[in-house]
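When the chains are written out, they are named A, B, C and D in that same order, and each has its own residue count from 1.
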Amino acid sequence: MNFDFSDDQKALGEQLRRALDKASPLGETRRVMMEREPYSRAAWTVLAEAGALGAAIPEAYGGVGAGPLEVCIAAYELGFALASTAYASSFQCSSALLRWGSDLQKEKWLPALASGAAIGTVAFSENGAGIEASAISTVVREGKLYGAKQAVLDAMSADVAVVSALQDGKPLLCVVDLHSVGVTRVPHDCIDPTRPSGDLVFEDAPCSVLQNTGFSSAQEILNLGAVVLAFEQIGAAERALFMARDYALVRKAFGQQIGAYQGIKHKLADMYLKIETARVHAYWGAWAISTNAAELPLAAAGARVMATEALDSAAKENVQVHGGIGFTWEHDCHLFYKRSRAYALALGPALRWKEQIMRQLERANVS
Amino acid sequence: MNFDFSDDQKALGEQLRRALDKASPLGETRRVMMEREPYSRAAWTVLAEAGALGAAIPEAYGGVGAGPLEVCIAAYELGFALASTAYASSFQCSSALLRWGSDLQKEKWLPALASGAAIGTVAFSENGAGIEASAISTVVREGKLYGAKQAVLDAMSADVAVVSALQDGKPLLCVVDLHSVGVTRVPHDCIDPTRPSGDLVFEDAPCSVLQNTGFSSAQEILNLGAVVLAFEQIGAAERALFMARDYALVRKAFGQQIGAYQGIKHKLADMYLKIETARVHAYWGAWAISTNAAELPLAAAGARVMATEALDSAAKENVQVHGGIGFTWEHDCHLFYKRSRAYALALGPALRWKEQIMRQLERANVS
Amino acid sequence: MDFSDSPEERVYREKVHAWLSANASPAVAEQDLSVVADADNVPRAKEWQARKWAAGYAALTIAKEYGGGGEAPIKQVIYEQEEAKFDVARGTLDIGLGICIPTVVVWGSDAQRDRYVKKALSGEEVWCQLFSEPSGGSDLAALRTRAVRDGERWIVNGQKVWTSGAHFADYGLLLARTDPAAPKHKGITAFIVNMKAAGVEVRPIRTMAGSAEFNEVFFSDVSIPDSDRLGPPGQGWQVGLSTLMHERMKAGKGFGLAGWKKMLDIARNARIDGAPALKDSRVRERIADNWAQEQALRLLSFRAQTALSQGGIPGPEQSISKLVDGTLAQQAAAFMLDLVGEPAVYAAGSDSPLRSVYSSWMWAAATRIAGGSDEILRNVIAERVLGLPTDARPDKNTPFNEL
Amino acid sequence: MDFSDSPEERVYREKVHAWLSANASPAVAEQDLSVVADADNVPRAKEWQARKWAAGYAALTIAKEYGGGGEAPIKQVIYEQEEAKFDVARGTLDIGLGICIPTVVVWGSDAQRDRYVKKALSGEEVWCQLFSEPSGGSDLAALRTRAVRDGERWIVNGQKVWTSGAHFADYGLLLARTDPAAPKHKGITAFIVNMKAAGVEVRPIRTMAGSAEFNEVFFSDVSIPDSDRLGPPGQGWQVGLSTLMHERMKAGKGFGLAGWKKMLDIARNARIDGAPALKDSRVRERIADNWAQEQALRLLSFRAQTALSQGGIPGPEQSISKLVDGTLAQQAAAFMLDLVGEPAVYAAGSDSPLRSVYSSWMWAAATRIAGGSDEILRNVIAERVLGLPTDARPDKNTPFNEL
């Protein structure tokens, strides 16, 4: 039994913690928000230099060839730093290319994604209806893409996107250079301006189809994203818990530290409980990705649901523990609060993932 | 604005509180359980003597002719005493007779129900499927009843029951003397032995049809029961809260009263919160019954859902506040714990009543 | 048990309604609460207050001799219920007229009442309340703003926070520490402070919602004449407590956060896994649950109104309501965003149909903190209603300057 | 990251499995936990323990010199995982072998170890633990049972409670107050008490579930020779604490309460408002939620097992698990009964298909109390894991007899 990351993997985490602490403190995330930048170049550079961007990309395509466990470790640190990067999106994009890309497609994009020269994302949601097959109206015709994707995380920073579309009425995935003529990015005011989403509109946009993909391919890529984002969520939740804990140790009311009151102590214990129960789910998800286990759809959904709840709870109770100051713009609490909801919505709400859990359980437990 | 009971009604409550405290302390409820009696005669006598059994029955039929508000007041006190009586059931039964009974049917049963000489109940549930119309397989043929009703609250103590059945394929209500040949009562081990339910099996049992009744009549009678039972639930919840509060004031741990710890204080405050928010719903339900308001289906469901949650929470946290002693047979905590679930199941679970709320809201709020 | 007015109340309601009909247009929609603390709203609010003053509706519960209506609190409730049906500038002067001025009436000298009450009631002068401090929070009596006596005046230094309307107020009701050697509750004195005086600096606080309804107020050697001291020295805590009683004599209203109706609207248009959200029983249950809680708050306000109608004092209905409302609205807003799914990330857009849900999601967080945090309110209920012991307060009897 | 055994662990697992296969039949169903504390189960439990003793599996983590296996804690975990697959009498001797005897090994004299350890390991003598008292509860150190020295013996008077197996135990590990003038944690001494001695009276406690797994134990002038004192006088609290460490060196297992599988079973047969319950998304969500929590507990036990496998000490996984499990199971059981609706009132029947749900509903209430209540565990996590201040403990340094 070795339900843990390896020492090397942990060392990568520690290295990233130090580097992000320097390059992407909360002030950097705030700067991204204030200056309306689509992401933090500083944090991205840290990831590139640590080899985290190509962790799961084979050396043949310029990657490190380590694996998804390293990706999860990095995501956890990005969450802890509350960094503004398209890390999970880019991982989803490169994973789709690795699975279904032709040699040509791989050679074109993977080295750039591995080095950080390009940012990737995936665009599945449209018509305000999540990713379900019946909602897809984007079509591929003669190598050109027509349609619009909505609420695409990292749409404003990505260079390349894997997009779900119909070709001859059948769902598939294709890859689009977002700098092409025919691609328009539509910015929006987002709940979390440090992780902006946007619309992608395609009109005569050149695209290249990924072979052997179908509707289930999108779900497969979502499962990968769910696990990696769960690590980001848990990292952020832990940071919020630490903020609340630290404040409870210094803030006094009625003559003692507020952290001496059970009202606060038990609240923090509950935050911790949610984080630790989510953490083991995320670990299990990481294991499932790394071994390509049949449990992945279940594990991904479990990680997604638990991590979303952990960050929701940690972010909102962190504001509560801070009291008035936690409600101000100047304090960092709201960065976590807003991130919590943005991540709860990205990849679809828990309502949908719980249904995925239930379908898996029914399948495994046929009476 | 007079959203309160009148002074006379409050005086009736105080009178019952004193009388029940004497005649039906928790020891009496425990005795009923230990001696496997179907109800507490002592508590029933108190109700009879106070005129509470005939409160909503016109004087012409031997009642007091006061109204349903007095019934609610009495139910609240019965709940507070955790008495073992068929009060709500009997009220449902007499209400059905008053609404749809012929002069003959009324004259036969109402005076006895008003004086307490007879106990009434209603029997709607069968086939393990709640009260839905499609589940009814009990039939009336030529004035005789055939079929079986399940989980009938107070089946073991009642003298007369209003029963839902099909006649020529159409649902209706009929009234059955439970001492008739052809009626069998089947006892069961119940979650709350102080308020036992049982099956009623009819084979060639004489019955008399209530005129102009249909499936909606059963729902109407359930709505009345929901409000009255909500008052019982809130009374019991308040008693459980007081038990927990009193224990928290005397029990010490780590050098102080456990009631001085916020872990306990906040728990008790939450119990109180649930009780008070349920209480206003129950008041609204009482008003709706007393004025025959169109809001009754909504108000009854609101009272039912909130009161069930209030008693669930109060009964289980009362055990928790008491710690080990609260888990023993000798202590009274479990009487409330068991009552909470028995009342949550009687009249159908909150799952169903919430759906009733939603249907009413949709109807009221057509977009 | 009935929900109708007493005969006297009905007559009063009709009278008020008639006057309002003659003086204002019917409301077309719910007033946007965000304008309440907006300086742009002040002229309109003053103008409306002047008209109320002329008609005798300026401050119903204040005694007639000071320019009020001399009415029972239930009349105030009825007036406000009727006023809410009209398109008038509400809310902006509430803190002054509902909290500060009644306190001046109770604690002020004749000279203070003559000088301040009528000018406020007539809408001429606007007031704010200067109690909260950064280091205080829930522990209001921990305030550190100092007032040092210097002959016939007091010199004030320190900082207040979360002061609504400070940027347009003429006067403020200030609590300051005058005796640091006394225990914390005993060394405080109340003052009336001229907000235009030298040394008073008002800075807006930007909230997480991006707006600036509140202020910090800095005092640097601000001079207050002793004639503007309110109540005896060292009695400031009692002055502060008495404001709470004025707060309590209301029937309570919601915080305007998005509730079950909005949820039902959203559910009517949303889809989950390809099916209409309104057919998803999770969504149906959630709407029913939300309705049940919101309805409870509405009914609780009827209970408070009943107490006032009978000449009594409302119970803990307001504390219960605030405790329920904050948590409920925060969860409900998150659920509504989830219901819409991915595109709900655009809720922050000023033209988004979800903008009110997004605002509600943030302001609910504030509701759980402001005016007594969830934790403080649970303590209050446990201690004052249920009679449980108070928390240990090691600082209670220690001189403030030794804490 | 993988879930398989290390090579050494695999070899050990195979060896254990082979021995078990040769000595026991495969389990046909989950062992009924209610027989664990049943005296009727004792002969079978003793017989099985004797067989384990003969084969060297009597107590794996106790040093070989005392008759144990001298193995690392992970071997114990592996042994128990394998043993659970067989139909043997488990649980009945756990308190003695897992808590009392390891404590005797650590704190006992050579004479005590010689006298007691092997007889327990071989299944000859059964032990119970006498810590809890009626007045103590969560505050174990508030114990009042007195032991007064009288020459070479101690005279014990007092009462213990919640003692599992006291009605069939031969010996007990007792904590008693020997110095009432010392602060509460410092005046306690540990003893080995002969449960058959004069003055020891065992009375069963009936629980709300109707059964009697636990006992009260009354001591009336019970004489214990000083040679059965365990550890120095006044060090009883330390002896007691050291038992907690033995508890911690386990990987944790659930409490056997009804969970998502049972819920799914029930949902497959129930109907809500005429439609199959399994189509109701509230039910589906509830099953998914329950699975997610139960799976977390399973994965937490893997984390603890990983720590043991690496030679480390598990973290707070057990505290987390107990906190989650009690509340979860209590809510889940209530929900399952609701799912069935009205007929679920018959769940108390011994032949009811819902009997296990009914039991779970009651035993979940006990899980939230026994072995550290929810409130105590939250405190433990807040203080020991998150580093928050301890609660004020006014009694900590006061002589016990002045409290």
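Quick note on the criterion: contacts are C-beta pairs under 8 Å (C-beta built on N, C-alpha and C of every residue); 3 or more make two chains touch, one makes a residue touch a chain.
Only a predicted model underlies this, so the values are computations on that prediction, with no experimental measurement involved.
A.B. asks: Counting C-beta pairs in contact, which comes out ahead: C-D or A-C?
C.D. replies: By the number of C-beta pairs in contact, the winner is A-C.
A.B. asks: Which chain has its C-alpha centroid at the greatest distance from the C-alpha centroid of chain A?
C.D. replies: Chain centre farthest from chain A's centre: B.
A.B. asks: How big is the gap, in whole Å, between where the Cα atoms of chain A centre and where those of chain D centre?
C.D. replies: 41
A.B. asks: How many angstrom between the C-alpha centroids of chain D and chain C?
C.D. replies: Each chain's C-alpha centroid was found; their separation is 53 Å.
A.B. asks: For chain D, write out the residues touching at least two other chains, lowest number first.
C.D. replies: Answer for chain D, listing residues that touch two or more other chains: 280-282, 285, 375, 378-379, 391-392.
A.B. asks: Of all the residues in chain B, which ones touch at least 2 other chains?
C.D. replies: 256, 261-264, 266, 351, 355
A.B. asks: Residues of chain C touching chain A in their complex?
C.D. replies: Checking each residue of chain C against chain A gives 132, 134, 137-139, 142, 161-162, 205-208, 210, 270-274, 280, 282, 330, 334, 337-350, 352, 358, 361-362, 365-366, 368-370, 373-375, 378-379, 391-396, 398, 403.
A.B. asks: What residues on chain D touch chain A, complex-wise?
C.D. replies: So the residues of chain D touching chain A come out as 1-6, 9, 74, 260-261, 264-265, 268, 278, 281, 284-285, 287-289, 291-293, 295-297, 299-300, 302-303, 305-306, 309-310, 316-317, 320, 323-324, 375, 377-379, 381-383, 385-392.
A.B. asks: In the complex of these two chains, what residues of chain A are touching chain C?
C.D. replies: Going by the criterion above, the answer is residues 125, 128-130, 132, 134-135, 150-151, 153, 188-193, 197, 251-256, 261, 263-264, 312, 316, 319-320, 323-330, 333-334, 337-338, 341-342, 344-352, 355.
A.B. asks: Which of the residues in chain A come into contact with chain B in the complex?
C.D. replies: Chain A reaches chain B through residues 261-263, 266.
A.B. asks: Under the definition above, what is the set of chain C residues touching chain D in their complex?
C.D. replies: Touch list, chain C to chain D: 280-282, 285, 392.
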